[in-house]
Amino acid sequence: MSGRARARLLPWAPALTIACLLGPVVAGLAGVVAPAFGWYPALGGTEWSLAPWAALADWPGLRTAMRLSVVTALAATAISFGATVLICAAWHGTRTFRAIERLLSPLLSVPHAAAALGLAFLIAPSGWVARAVSPWATGWERPPDVLILGDPWGLSLIAGLVAKEVPFLLLMTLAAMGQIPVRRSVLTAETQGYGRATAWIKTVLPRVYPQIRLPVFAVLAFSASVVDVALILGPTTPAPLAVQVLDWLGDPDLSLRFRAAAGAVLQLALVLACLGAWWAGERIAARVGRAWIWSGGRGRGEPVLKVLSGAAAALSASAVLVGLAGLALWSFAGFWAFPDALPETLSLRTWERQGGGLLERAGVTAGIAIAATAISLLLVLACLEAEERHGIRPGTRALWLLYVPLIVPQATFVTGLQTLAVATGTGGTLAAVVAAHAVFVLPYVFLSLADPFRAWDGRMGLVAASLGAGPDRILWRVRLPMLLRPVLTAAAVGIAVSVGQYLPTLLIGLGRVSTLTTEAVALSSGGDRRLIGLYALAQTALPFAGFALAIAVPNAVFRNRRAMQEAG
Amino acid sequence: MKSGLEMEGVTIALEGTALISVTARVPPGEILTVMGPSGSGKSTLLSYVVGAPLPAFDARGAVRLGGRDLSGLGPCARGIGLIFQDDLLFPHMSVGANLAFGLPPTIRGRGRRREAVAAALEDASLAGYARRDPATLSGGQRARVALMRTLLSAPAALLLDEPFSRLDAALRETVRRFTFDTIRDRGLPAVLVTHDAEDARAAGGPVIDPFGQPMDPG
Amino acid sequence: MIRSRSLAVAALALAAPAAAQQVDPADWDAVLAAAEGQTVYWNAWGGDPRLNDYITWAGDRVAEEYGVEVEHVKLSDTATAVSTVLSERSAGQDEDGSIDLIWLNGENFAAMKENDLLFGPWAEDLPNWALLDPEANPALTEDFTVPVEGLEAPWSMAQVVFYYDSARVDEPPTTIPALLDWTEENPGRFGFPQPPDFLGSTFLKQALLGLAEDTGPLYAPVDEADYEAVTAPLWTYMEALTPVLWRQGQAYPQSGPAQHQLVADGEIDIAISFNPGEASAAIANFELPESVRTFVLDGGTLGNASFVAIPYNASATAGAMVVANFLLSAEAQARKQDPAHLGVPTVLDVADLPEEDRALFEEIELGVATLAPEELGETLPEPHPSWMERIEEDWERRFGTGTP
């Protein structure tokens, strides 16, 4: 492409990006709303009707399933948000906080399904925790018959979600804190006699919250409609609504698809209701918060807060990491009876038998992730550069658009997308799967790259221009190399997001595209902990490698450039 | 045809309030100083002259260089060099690569470009520093490299935005002398904006306030 | 311009024979010729690693023998494949579909047959069809009472068995009522996969067969029977059993193989299976303790055949038939029956096989936890699929959606 053609195309980048994000959502929604109101010609639905809704209302588990979705979402989000705030407030600027920051990348690289599988093995009655204390402390020679996994209140599910969402919200909060003079604000308040954590909550949180609000909403929407984690940790009598919708979609009784479509639309309504409830909670919290600030309370019980939040951080991190270690051990286990804390024998058999298939799937997974991330990165950079050169800066509304694919439940619109993919003959191809992944990868890449890209010192560009460099040369020779670290971090985030995708891979790939994640979930229905361990580990290793490269490559490239080393 | 840098009726306003109003001609080898307190909009004048007006400001007026009207040209086509208070060396490049970045592509061949860079370093008393990491240089050394980088791009004029304000007193004197001597040696028209009377005096040229009125640096 | 149009014409010309490649199953040489070089996307449940290995082996063998590549598309639920074919039809993709072969039976077969989503008839034209004895084994021609009519080819026999850990259970209960007594004495130590999991629903049917006074109505569509009266004993039974099930019936194992882990961990002592060789194979794979043994119920257990079918819009119809035919060969069937690989009973009429093929079966060493064929007892035919649907629905309402 000539420079001039590129210059003409660049202003269109934001519009193209929005189309890439919203097109699939809108098409997918149409593909699910129509059957929800009776229109599905292939199944003989050629008249609009409310019958699917009547069928949905007739399902006896509906109220429980809805309650589960809503309670799980609100509880998981509130706990994750609360823990994030307390951890930041009590520990920011300490050595421990640095350690927490360093743990974030490995934690974020663990896909949801792998984290849930690890947690499941930890907390099950026959799990590692029970084994560690049996029989010497508990007297259990056999696992107790207690309901932990799949409890009807969804507590395990909430725990699994919290363990994964706290790192995500922490990362978002850290990014937001980077734009605020945190140290000065807190110090000023401390000199006026405020406790450190109280100072943070009163002076920093009100400025951080507006910036992490959309990520919080994304967590809320995700938790309300999550499928893979719910399959592993959630209750089944009945399951949360999103899981139930997928069950109906997969039922051999094809007429259930109408009910499924109505359920999928209801799922969207539930997500919106959760968002509304959260919004109302924000109002109340703001009012209470203002009163609290006016009251001038200096904060008491801060040591307790510090211990509690520290424990919360340690617990959620170790739940994921120790759980994974347990699964790793399972992948090498021979027979491993309860209550042995370690397997009787170790064996490489699982790895030997599955190694070939594992490598092949890892290749496919990595290929899809890299392609989807490359496309996303290209579009995001084009958008940001268009903003720079042509002043096309998205308003807050446009930022909302970015979140649409993260807030509209996958269970709702990806189903409709499948029909579209099949209609265009692209279903089952790698290209279609890559495109579907890009819809979910792009927002995350944008979110992680936009701030560092905009925060770049524009005078560098001006100096380069005054030295005779054109906009392309400035971008490629100055701006992108200086932003190598955030660009690679954004790419690693994109890869992690892509690797974790289950539903889009399965539905758009028509089952033909087999990734580590689809394989792990398919195998998890078989309950063989050795295989689950193997795939959960591989599923984690890939994004982890991405994050490791995002740290190692800039360090190697810039080993002789002190100003380019990571601060701290 | 007039030589030097001309600003004719250059006015800059923010929401209707005039900040800058300057008409001046700077002949080659002369340094025009615009003095004013911080926040008086001096830097926006330089942004306008270099061809990167800030969108929030309402700016108008003609800028000519060597008699050529620069309106409509972007910063990369104006041939005006820019020096900031921070040296703004590219942190990912070596000292030599920073200098080579400024070197016009008309100087071809690896050997010739290396020679030009080496010569510039020598001029700045930094011979042999080509492979160094800019972050390992002292403030004064970095300021000199920044100036040499700008000069290597063969500008026809130079704009200096509080170039010495980040340097400590002892260093400031040396860097200032080096900068001003070099400008005069090369016969470049230059505009300096500063709030420091010492800078204005050392520049040795006319001194005006943001509204173009001559003033005495005291 | 001219060149691009001629290119488009050439592309059409190339595409045409591929689209029109539906072959005549009766002309086997033509089938073999068309199959060579094709890739068969075989959609089959992927939750059992040993079975996955078997499919890989079969794929390697047909690649060697006939030049047909097999890609195993692993499903967590066979119904996904039905949905896919349906989506393709609703999108108008009546050719070059993404699925060439599906492992299915019962409900899924009934749904696909009813919606005209299957290619065929073809199964009875397979050369290896001659190795079967459909007269002696009616499960081969009636899939859950739905006539097969050559729309699918059998590849496995399945029969309900139970396995138990003999280290913890001395004498396993061998009737449905005895199972309740045992579970009441050992609460939490028996469970079954949650319906509508295939195996869970099968347990409900097995229980119904063991409790109903007259099983006759079960072999006709459910609408023709007095459903309430026929199933009343089942629900009375389940009301008593559920509170003493594993996790008091508030959570269930999510699949058949998931019970391995529960037995190995000592969470449950008795589990249900559809594969008489499963326990031996799982012991060999470290998944079950060596003390596990298999048993069947007095009065017989449910048995059926598993089939492979070809969607109406398959891309590699010929290749799929070649694979199905290979699966019926003595070589493939003997490997399947060997507990070292799978331990699944054969569909072939072993007694009538040629000497050499019969020897393959006679060499097989049954595992420690596998019953000899004569110990498996009577096979009860599957009820009409409409019963399964209705019972699943009813169970879900009564036990699967929380306290009403």
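Note that the chains take the letters A, B and C in the order they are written out, and that residue 1 is the start of every chain.
Assume a residue touches a chain if its C-beta (ideal position, glycine included) is under 8 Å from a C-beta of that chain, and two chains touch if they have at least 3 such contacts.
Note that the structure is a prediction, hence the values are computed from the model and not measured.
Colleague: Between the chains shown, work out who touches whom and classify the graph as line, ring, star, complete or other.
Modeller: The chain contacts form an open line.
Colleague: Name the chain whose C-alpha centroid is farthest from the C-alpha centroid of chain C.
Modeller: Most distant chain from chain C: B.
Colleague: Report the inter-centroid distance (CA atoms only) between chain A and chain B in whole Å.
Modeller: So the centre of chain A lies 48 Å away from the centre of chain B.
Colleague: How many Å are there between the centre of chain A and the centre of chain C, using C-alpha atoms for each centre?
Modeller: 36
Colleague: Measuring centre to centre with CA averages, how many angstrom lie between chain B and chain C?
Modeller: Measuring from centre to centre gives 81 Å for this pair.
Colleague: Could you pull out which chain C residues touch chain A in their complex?
Modeller: Spelled out, the residues of chain C in touch with chain A are 41, 43, 46-49, 53, 71, 73-84, 86-93, 96, 98-99, 107-108, 110-111, 115, 187-189, 194, 196, 246-255, 257-262, 264-267, 286-287, 289, 389, 396-397, 399-402, 404.
Colleague: Considering the complex alone, what residue numbers of chain A touch chain B?
Modeller: 391, 457, 459-460, 462-471, 477-478, 481-482, 484, 558, 560-564
Colleague: Mind listing the chain B positions that touch chain A in their complex?
Modeller: Those residues of chain B that touch chain A are 47, 50-52, 55, 74-76, 78-82, 84, 86, 88, 90-92, 94, 101-102, 104, 133-136, 149-150, 153, 155, 159.
Colleague: Which residues of chain A touch chain C in the complex?
Modeller: Contact set of chain A toward chain C: 40-43, 59-61, 64-65, 125-126, 141-143, 145, 147, 149-152, 231, 235-238, 247, 249-254, 257, 333-338, 347, 349, 353-354, 418-420, 422-423, 425, 427-428, 506, 510-512, 514, 518-519, 521-523, 525-531.
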